[in-house]
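Chain naming follows the written order as A, B, C, D and E, and within any one chain the residues start at number 1.
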Amino acid sequence: MPKIGIVDTTFSRVDMAKHAIDTIRSLASDVEIVRYTVPGIKDIPVAAKKLIDEEGCDIVVTFGWVGKEQVDKYSYLAMSIGLTMVQILTNRHVIDVTVHEDEAEDERKLYYIAVDRARKHARNAVELLFKGGLALRKYAGKGLRQGYRDVGPIRE
Amino acid sequence: MPKIGIVDTTFSRVDMAKHAIDTIRSLASDVEIVRYTVPGIKDIPVAAKKLIDEEGCDIVVTFGWVGKEQVDKYSYLAMSIGLTMVQILTNRHVIDVTVHEDEAEDERKLYYIAVDRARKHARNAVELLFKGGLALRKYAGKGLRQGYRDVGPIRE
Amino acid sequence: MPKIGIVDTTFSRVDMAKHAIDTIRSLASDVEIVRYTVPGIKDIPVAAKKLIDEEGCDIVVTFGWVGKEQVDKYSYLAMSIGLTMVQILTNRHVIDVTVHEDEAEDERKLYYIAVDRARKHARNAVELLFKGGLALRKYAGKGLRQGYRDVGPIRE
Amino acid sequence: MPKIGIVDTTFSRVDMAKHAIDTIRSLASDVEIVRYTVPGIKDIPVAAKKLIDEEGCDIVVTFGWVGKEQVDKYSYLAMSIGLTMVQILTNRHVIDVTVHEDEAEDERKLYYIAVDRARKHARNAVELLFKGGLALRKYAGKGLRQGYRDVGPIRE
Amino acid sequence: MPKIGIVDTTFSRVDMAKHAIDTIRSLASDVEIVRYTVPGIKDIPVAAKKLIDEEGCDIVVTFGWVGKEQVDKYSYLAMSIGLTMVQILTNRHVIDVTVHEDEAEDERKLYYIAVDRARKHARNAVELLFKGGLALRKYAGKGLRQGYRDVGPIRE
């Protein structure tokens, strides 16, 4: 049975993993889900690596929440480089779902962004897991967005 | 038969891969093309790595689309570092075609940049694939540009 | 007996490790603690790596102190990338406790932030050490903060 | 016979490699030179790696040209990190000669900077190749500059 | 006999290595010192790596000098990431002594910073070499500074 890893944080202000797991369950009943919670975004890469190496996950989805300060953005950069390295070293996808606190002034808006992004990327993960690099071909260049409405392709 | 990998995203607003494949086909009938579509730029490096490791691609061309925000630029940086690592670890070229949404105000202009860049780098990839490091010698220092008109060399 | 590594610096203006060790001792009497002091933050990653490789530590907590200048932030970024690599290469958590001198104007405030952050992350480390990725599940998405009061989850 | 690798780009507006090769030839008749031309700076690290791994080069000199925009600087950073990794993984020097388009308003000035930098670093490469870490000892702390006049040491 | 590696540059305007070596000699007569001079900071990481791998150095001290421009800071970042990787891959400390030209307007002040920083970090290296992670324990959290006067710990 294919295995999806989920990494989330106690720093986040929205339980994005819950929504993602809900989406995964609705799309595929035949997957095992392993969830791993860490304190903050800089703890995410090793958790993803452990889920792949030690739990045998085929794909991982991570849920980060990033503050507004410049140093938070540097932490985001370090995490992103780390997640890229995890993927390169394991040849497994780690789909990163990150919400930045300065994406919206309004908490309600931020909540919507987080849930929408989590659900859509959960769907992406399921697609990649079951159908690989061909799965998303039909959406190539289509201007899809997660957390926002799709913007669509530029007309020729 | 030599194999070219293509990685593109659903985030992009232009189907650059289509144009690149068209160019490759017009230049070389004897290459196999494998295409891999991922959600966004941070998913590109591992896809390129998988095309090299698992599909045996000799060279890869990637098509990224980057938003206007500072965090998008950090994601671009993480992807760029990742693509560099993929190349170093495999000794294979990964030619990166990236369009930044703030390169042009006008959508039509952005579309032109994307297609021109995709086609020119597809040509670069074919040259490198068939003739290696000597292929582009005649253009060394010539101020070539992709997405824009060539600026040419500075006159002595 | 499980082993926790502690890395701190002479650059720091607060002995955070002392408070972290105090917290660890209060939570778990059955752990060995190995402490390693280095000059500054850029010396931290290798110390963490050595504690894992040479001392057999199961988890490491690091205590950094970062100046106000832009170059200090770049050093923070280099350290963060380094710590991520240490974790990825060893599959061990390295919980990073960093205080930035510009987090507070007032020294007393800065002291409070440092001690609170050290104690809370020491607790996180103990939780992860003994209960793994399930330990923090109940706090996922709860908006926990270290150095500050928890902000809590966003209400749906 | 020792082997020097040369990597340059079609993006550059000055054929720096020509001047560097000229300098190398004037200093050492007994070296083999292998030249590799790539599209832009992000293609440089893997070319340097291939020259070392596949062509057996003992040292490599690379010639990059960087645009004025912030994203160009991030590409420069990714290339620089990549070149550092190539060196660390191979234990070979890769001397990087980079010209930034915003170093001078005037094209003539930029041309002078590029040629001067290329020639001086070609000399550095020859010195390191034949005499190793002792070669440049006499200039340690002397405030040498490439592309500009030497500024000299600070007087005690 | 333990071996200390020294890496410095021709770009630097102060011969920091001379002062560091003087300090090392005054503290420990029983160490071998190997010195390696490179052009600039981006050449430092591989030199440190070679001193460890090829010369068997137990610890390395590096002396960098960084210009005032933003691209100089990116080079500093690339070097710092590189030095971190060298340390992680070898499990050896590389103590980095960097002076930024914009740390002081006055050349005399800059000279003082460079020498003070070089001497104090040379002492740190000797301490770590002979006594390991316990050597600096007594200064943990004490607010030590190199290049400036110690600021001391924050009083509780």
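The rule is simple: contacts are C-beta pairs under 8 Å (C-beta built on N, C-alpha and C of every residue); 3 or more make two chains touch, one makes a residue touch a chain.
This structure is a prediction, so every number in the text was calculated from the model and none was measured.
Shared contacts of subunit A and subunit B, meaning chains that touch the two of them, come down to nothing at all. Simply put, subunit B must spin 145° to overlay its Cα atoms on subunit C, rounded in steps of 5. Per-chain CA centroids place subunit C at a distance of 40 Å from subunit D. Taking each chain's centre as the average of its CA atoms, subunit A and subunit C sit 25 Å apart.
Looking at subunit A, one finds that residues 77, 81, 85 touch two or more other chains.
Contact topology of the protein chains: cyclic, one closed ring where each chain has exactly two touching partners. From subunit C, proceeding by way of subunit E and on round the ring, the chains are encountered as C, E, D, B, A.
Only residues 8-18, 34-39, 42-43, 45-47, 49-51, 53-54, 70-71, 74-75, 77-79, 81-82, 85-86, 89, 107-108, 110-111 of subunit D touch subunit B when the two sit together in their complex. In the complex of the two chains, the subunit D residues touching subunit E come out as 66, 73, 76-77, 80-81, 83-85, 87-88, 91-96, 100, 121, 124, 128, 132-137, 139-146, 151-156.
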